[in-house]
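Supplied in structure tokens, the structure appears directly below.
For clarity, chains are labelled A, B, C and D in written order, and residue numbers in each chain start from 1.
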Amino acid sequence: MTEKTFAQAMFDALSISMEQDPTISVFGASSFVLGRGLPPADEKAFIAKYTTRLLDPPVSENVLASVGVGSATAGLRPFINFGTSSFAFEAHNQIVNEAGNARYMSGGQLKVPLVYHMFHGIRGIGGAQHSQSPQSMYANCPGLEVVLPATPADAKGLMRTAIRSDNPTLFITHTKLLATKGEVPDGDYAIPFAKGEVKRAGKDVTIVAMSLMVLEALKAADQLKALGIDAEVVDPRTVVPFDAKVVIDSVKKTGRLVILEEASLVCSVASEIAAIVAEQAFEALKGPIIRVGRPHVPMPYSPSLEAFCTPDAAKLVDAVRKLLKK
Amino acid sequence: MPEIVSREARLSLLERMLLMRRFEEAVIHAAAKHKYIGRNHLYIGHEGTGAAVMAQLKPGDLAHTTHRNHGHIVGRGADPGRALAEIMGREGGLCGGRGGTWHMTDTSVGFQSTSAMVGGSIGLATGGGFACKQLGQGNVSVALFGDGVLDEGISYEAFNFASQYSLPILFMCENNEKPGRRETSMLAADRLLDIPKALKIHTMTVDGGDVEAVHAAVGEALARIRKDQVPVFIESQIEAWPGSHQHKPEFTTGETDISMAWDTGKITGPHADWIRQEPILRYVRKLLAEKAAAQADIEALDKKVQAKMAKARDFAEASPFPQAEGAILGAFA
Amino acid sequence: MPSEKMLTVKDAILEALFEEMARDDRVCIIGEDVGVAGGVFGQTKGLFEKFGEARVVDTPISEPAIFGMTVGAAMAGLRPVVEVMFGDFITLVMDQLVNQAAKIHYMSAGGYTVPLVLRTAVGVGGNLGPQHSQSFHAWVAHVPGLKVVMPQSPADAKGLMKAAIRDNNPVVFIEDRTTYNVKGPIPDGDVIVPLGKANVVREGRDVTIVAVSRMVQIATKAADILAGEGIAVEIVDPRCIVPLDRETILASVRKTSRALVLDAGHLDYGITGEIAAIISEQAFDYLDAPVARLAAPNVLIPCNTALEPLIVPNEQQIAQKIREMLNA
Amino acid sequence: MARAKAVKSQKAVPNKAAGSPLALYRTMATIRAFEETVQRLFLGGHIPGLVHLYMGQEAVAAGVIAELAQTDFIGSHHRGHGHCVAKGGDLDKLFAELLGKRAGYGLGRGGSMHIFDPANGNLGTTGIVGGSVPLAAGAALTAKLRKTGQVAVSFFGDGVLNQGIMFEAMNMAAIWQLPVLFVCENNGFGEFTSIDDVTAGKDIADRGKAFAIPSEHVDGMDVLAVQKAARTAVARARDGKGPSFLICSTWRFSGHHVGDKQDYKEDAETKAWRKRDPIAQLARKLVAKKQATQKQLDAIADEAKSAVTKAAEAARKLESPTPADLMEHLYAE
């Protein structure tokens, strides 16, 4: 184990993968690697080592997404970095109608081993266009895998799985996570998809969160502890495929569920989780399922409004206290 | 560059064209017989282009195509029975009946993908070209698409990408826009070629009704692509089949009668002009005129193709529909 | 009594377009094949002849720019109805829809309005396969700033289209092709169906079905089957999923204590999850059974004749689900 | 709408006074002072988020917009403060918006990349590469269909050259002969990537020429040259003769955004460009031609500076929006 930042852990996974597999090419390499808190010497060595496999393509997101599919079906394992998720909207057609469809429509002849990486979330004054969390949209489309890691160790292990996966995988991270630190296992390891993790055990209420919201949920759990509420924090880690069991098992134990979601709640990942639990763990529920998310507005720029809109530990604590009437 | 000289090569080219044609005729028959076989965009009239391209691709080369794909797939060597079964949604189809006419794939002959999105194939082919270059085995990627694709922004992005990264790609545009008819594409450019040219891609134009002319152009292009690792754009000008816009395919110009090549008196009806210039009859006339083949040779060749298609039809008709639970399998590897 | 005429959904919408274009010369139609051709489904037939090429604009196949231009045109004073031929092609205009159309009124603090209708046809059925059968209503619902209309009856379709055209916001108007030939009575005159007002299409005491778009018609068949077994089903048609008339839905569930949510789109991360979550949160104490959902399975939509019918829940499955809910 | 015919529309009258050399100088000096102040405020921690400065490119906004009437439209981009100022934007409101204050154009909810000024025909700055290109074309479509005589200008950076949507918009503007100017501000870099690394073809102008759009290169550091080219293009648009494409070569003096260290740019190159500073260049010309004295020019610059400083100081004291402002304007009535 070594303490590393989230960015370093992702970079580790990429390095190991590229070392092992010569068919991996990175598109949008500069913005993925540079300025993400890596030691400059590591950055330089990495770039020098893989000159022909690191590309900085034109600002043509649409064709880039498509080039990914075309080269993946032809035998490469492309890793495509869109940067901010708002830019990927220009490529939605290719992601959904080509990447997600190819394997099924070919009756299994084709495989699409490709990773689309993007940053989601309220990064801090990203304004309306650069604060978006589109994960539920991708999850709504069959054929795409959607991963939302929260910790450095998860980022490394899940990224190894994403790169090895023969399916198109949306690897969605949060800019605010890049500098966060955590213990990361040394060497090569992979964390399977559809395997959620209880990040903190508790008995009074289940809090489900993913990505940056896991950190807020853990903060909230600390604060709730002081109020005598013992919260369990569950991180499903992947949206598609989804580990419903880890959530339902927890709810069966605690009888209460609060979901912390960074996106707008309408048709969000939180809504789907709420619906699943409401249907499959109805008998265990002692109170309504509460969703805490951002209001249904474009993210405002002004810091006062942004703070008001951002789901965080404080809003979660309020919601839990209200639910438990404490 | 590869002028076709040998008689065998010329007859083989004709056979490929005939197979493409007889295949589409089988589709029309199937459409009349079965309620749903999807919305087919037939390849009739395009054979001169598809055959010339497919005849010259090597093993390992990749092809990406569009909704008007039947000719490409069988022309490249996919089993016509399995292709027809796919169109009819049967388990024995190339994709197990999941893809249908718009999504036929056969990776065993380098057929990567068929996309029913206008502009779908051009980006995928660019990715294929990138893979060919990275993998370094000397293969090329071919994008086959219609003129409407030039309306889509992704085609510019793809040309720019291919040009900038020097990718081995043949952009094969089958332009069947008919002067005087409502434009199938609405392009301000006077000539399609001006667009790839603006992005520094070598361009060529060819008469798509003349299979040997297309063959020569494609041969030259492929040689250049393989040698210099650059993209080339070819516009093949095609006289659109008068029936090609129908969702329910019909024998608008009749079932092909190969003897019309020498017995021109048989050509009648509202579409006589189209039939007179269609690429198969035109090629047969040329072969006969140049004494590369006799009428009997041509008839024998056609019989051979028809027998092959009869078998293909039997296979497709006999193939069952997939089991219902099959619908939920296969989305993920 | 006013005389009521019968029209199909397709013709009812077309009638709304004729009336609105005659009423307001800023209303225009933009899209591929909408003019001379009259629409690939005949859904704009006759408009070109009546209103001319300046108001019925045929475009190249350039969805992203067509839609972006429509946004600019709306900002500059037109009230365009832009057609995106298949619902699947929403993916092509997502950037301009999400990053421009939905945000401009808000970000300009009301300085600009974007009064446009994005009209698109969806629908499983017709063997069109996975790139021509999808519906992205959950996507657009997820985007703040858009309104989302999903009609199913001819009268609603007409009245909602008129409301959508008169609305000063970008409205995504999602028509299900499988309802196009459904006939129904159309009230005379200029009748508007307001956006955001659900309709209880059938009253019942035992269970609430919230059915989106075409599912109302399938749910009605299921309700007929169940009526023969003594089960009274209430069917709520939200008509718009944004704004969603939560009150009508919740009032019904509070009455029946049971809810089944139906959609022809994908189950996973779709609109049924949203509606089920709202009910589970806000009517929790009234529920006698878990909120159930039926929608398309999480798979691509095959064009295959044998497989395609498995995608959209049918009346038998719905009836069976309700029997299970009542026996639980 | 079928392919275009030239329809002359009624004239909108540009503000002649705005186009005088001294007025151009004032506009540029105001933009420069504005951006210097923004930079200072940003480095002092008073402006949240990222800001992209227009310093170095002032001649483009000033020269083009001088040829427009107040009712004409512009579509801007992420480096858009210069366009907002030149189009007549209110300095108080602009600073308020940048500082996230309630009195801003968008209640402080939009910030640098979302400034809309409908009273002056400003369709907005945007955070999406190429985002406003179709908006301007759409406004031009409205102008044409409603015969209002307005013209629209789309400003975009060289990064947009590889976005398919730009080609789509150009194509439509050409087929319909829309009154729109496509103004590419070529500063050599898209974000942090050199244009040469990602843009194919030997001449950007070919991209417009492929659609038969009059396309020309303009020295974007020479405001008089920009103005002259814009005048011709605007006249063409108003006469119903369709779009134009101007490529203005220029340089961003302050990198991609404030704080960008510009490691990827060569010092010598930047120095050479700085010598061609558009404001100093115009000053030299005016003094040499005795159209103004240095003293006069200094006075103009000082006035601009103090107006800007006053607005900025006032904005800092303004109130932030409150949660009550959050949902306002989500939907129009």
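Some points to look at:
As a convention for this text, a residue touches a chain if its C-beta (ideal position, glycine included) is under 8 Å from a C-beta of that chain, and two chains touch if they have at least 3 such contacts.
Everything quoted here is computed from the prediction, not taken from an experiment.
Any chain bridging subunit A and subunit C, meaning touching each of them, is among B, D; the list is complete. Counting hops only between chains that touch, subunit B reaches subunit C in a minimum of 1.
Chain pairs B-D and A-B differ in how many C-beta pairs are in contact, and the one with more is A-B. If you average the Cα atoms of subunit B and of subunit D, the two centres end up 47 Å apart. Note on chain placement: the centre of subunit C and the centre of subunit D lie 40 Å apart, centres being C-alpha means. Averaging Cα coordinates per chain places subunit A and subunit D 37 Å apart.
Shared interface positions of subunit A, defined as residues touching 2 or more other chains, are 57-58, 60, 62-63, 86, 90, 93, 97, 101, 104-105, 127-129, 142-143, 295-298. Contacts with at least two other chains are made by residues 58-60, 62, 64-65, 88-89, 95, 99, 103, 106-107, 129-131, 144-145, 298-300, 302 of subunit C.
The residues of subunit D that reach two or more other chains are 106-107, 109-110, 114, 126-128, 162-165, 168, 171-172, 175, 197-199, 330, listed in rising order.
Interchain contacts join each chain to each other chain, per the touch definition above. Looking at the complex, you find that subunit B touches subunit C at residues 35-39, 89, 97-103, 115-120, 148-149, 151-153, 182, 185-187, 321-322, 324, 326-328, 331.
Residues 62, 64, 93-99, 103, 105-107, 112-113, 115, 117, 120, 122-132, 134-135, 141, 153-154, 157-158, 160-161, 164-165, 330-333 of subunit B are the ones that touch subunit A when the two sit in their complex. Against subunit B, the residues of subunit C that register as touching in their complex are 36-37, 58-65, 88-89, 126-132, 297-300, 302-307, 310-311.
Chain contact summary for the complex, subunit B toward subunit D: residues 151-157, 159-160, 163-164, 186-190, 194-195, 197-201. Interface of subunit D with subunit B (complex): residues 3, 162-168, 170-172, 174-175, 197-202, 206-207, 209-213.
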